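Naming follows writing order (A, B and C), and every chain is counted from residue 1.
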């Protein structure tokens, strides 16, 4: 039994959610359909990519992920079906594929659109997902192309003794998740001491915690989260709001000179 | 395998959502259960009707739609099961059936209520839905009646050269969807030029777009949406908020005299 | 086919929702997975307990309920699997089990944690739930323990002729649900008259309604809700907001001296 996941910025209230679910169940009644999120901020391709990038690897291989964020297509932004990392992704070529998958794509197909019907993303994506679920080959669903639009995610910079990253996601606990991976941090750290500065020099942390509760309730901490990203948090909540952090806020790590 | 859909104004946080899902799975474990929306505005029968009217036709025939908005019943507002357009609808006779279905009903049954048990809409609707899913006939579930309460949806008016409609729904992108259908518009238009006025004479549009991106980001446009309704939008969002449009705001189309 | 329910404070937007669903489908693809709520207020163990306490009894026996609210564990707050009332509950020993189940537990197992892997609640809970669904015995999943942390829910007090309860939940209609059960009320009432005071002496009600519509729209009423708890409501909504009621607000019932 195949799995189809749904991610959208429809805020759970529009009829589009019901419409896409109805079309899927009509075309492939035996599917397992899973809501990943319908609460992506409107048109926020970066947020949708972050959610899907961290959620999809947990699903079984061959899961089909439908992405309904900023879907309007045009000749330079066609509808795509992408095979990568043993999963399928269906969406509009608005840069989201590169933000989710980097260069991991194995095959990209530009979906056939029926010009007569002026069919919507909802109709096309649910139809393509069900064809895949029913055994269609990618080549039958459109024209193989080489690449999708590249959007370069903000990467940390390294200069002398300083590693500067930025906040890429605020979660529902107001934890501020950065683009500094544990791997990168440790590679540069080389067992040296360090100071982490948040909001220029306003807040400073000099150790990495393993658990939120290692500091008293209401105290600031920094840890690596479940997907290995440096996260600025407050035990029992609200770091981003209290520290006035937002997506793109800079986080600076200064390593000791040894 | 039957399908049961759920639409409510419970905002995803109350225990009622879990309760109705539990009762359904207890009574008919093999059902496919689908959330259409639990984010209908409190008691907003019109909004629920709009969502369901546009979502239900996408589902396979014989789908059972449970409507849990403004459910309290009374002798003049009984619980009903309606068969229409090859679907089943279960709800309270608060006018919502006419807003979803107009006069399309094939059969209406007033549901039997166990006076002793004072059973809630949640219990009754989930029990009736599962009986249907398990093969019960409508006649076994209550008394056949002739009609449901009619609530007349606001319709566009036509006077000389002017077609006046109104906003009936604001979607999550702040697009303002009106009650002017493409059919009606084209029938009156007869290939003439026209001017569309929004907020009396404040904003004017003189063409219908096919895509949002046909105008620059931030510009006003008008198009017919995926269900054939005239929609006032801004490319990349927020028309209703920026133009101060709300449900019932008037939209006026003036056709050229030829 | 087993059922797994999910309750979290992730607000439907974080990738954690997708992650846990993916892991469950990977480990037990034939499961029926049900969202009870992902809109619990952040860290609000009391609210999560209220929702689950009133939702779980509607599910078939042997349903597995995963609770993802305030999940961080520590040596004094281990991860637990609890069997009670013919259901399974998986969560962190933060007091929530006592708030849902009181003393009803039949068996409690402290879950085995792989120290090497520093696995998250999401990984562990989904893995344990799937093992249960696939037939594992509780003893295989950890060490049997005697008890969980007791959190004493606020109970009504009785003094002479006065029964004082408090609001324990505000639902999405702004109904204020109290901890006064119908059983307790009737036991003390003994057919006497009574006055119910809300916000000290500001608002008074002297009868219990059966339906919201028994009073005019906008009028205050008190009734016993579908789970037998005294509820302060306004016909067509908004009691808590208009009367400024919040969780813990006192509701006082004074019985007549006879």
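FYI, contacts are C-beta pairs under 8 Å (C-beta built on N, C-alpha and C of every residue); 3 or more make two chains touch, one makes a residue touch a chain.
The structure displayed is predicted, hence computed values, not measured ones.
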Inset, instruction - Go through the assembly and pull out the chains touching chain B as well as chain C. - result: A
Inset, instruction - Check the residue numbers that chain A and chain B use where they touch, and answer same if over half are used by both copies, otherwise different. - result: different
Inset, instruction - For the Cα fit of chain A against chain C, please give the angle of the superposing rotation, nearest 5 degrees. - result: 120
Legend entry - Chain centre separation (chain A, chain B; CA means) in Å: 32
Inset, instruction - Send over the residues of chain C in touch with two or more other chains. - result: 12, 35
Legend entry - Residues of chain A touching chain C in the complex: 1, 3, 5, 7, 12, 32, 34-40, 50-60, 63, 171-173, 210-213, 226, 236-237
Legend entry - Contact footprint of chain A on chain C as seen in their complex: 9-23, 25-26, 29-30, 33, 35, 42-43, 72, 74, 118, 120, 122-123
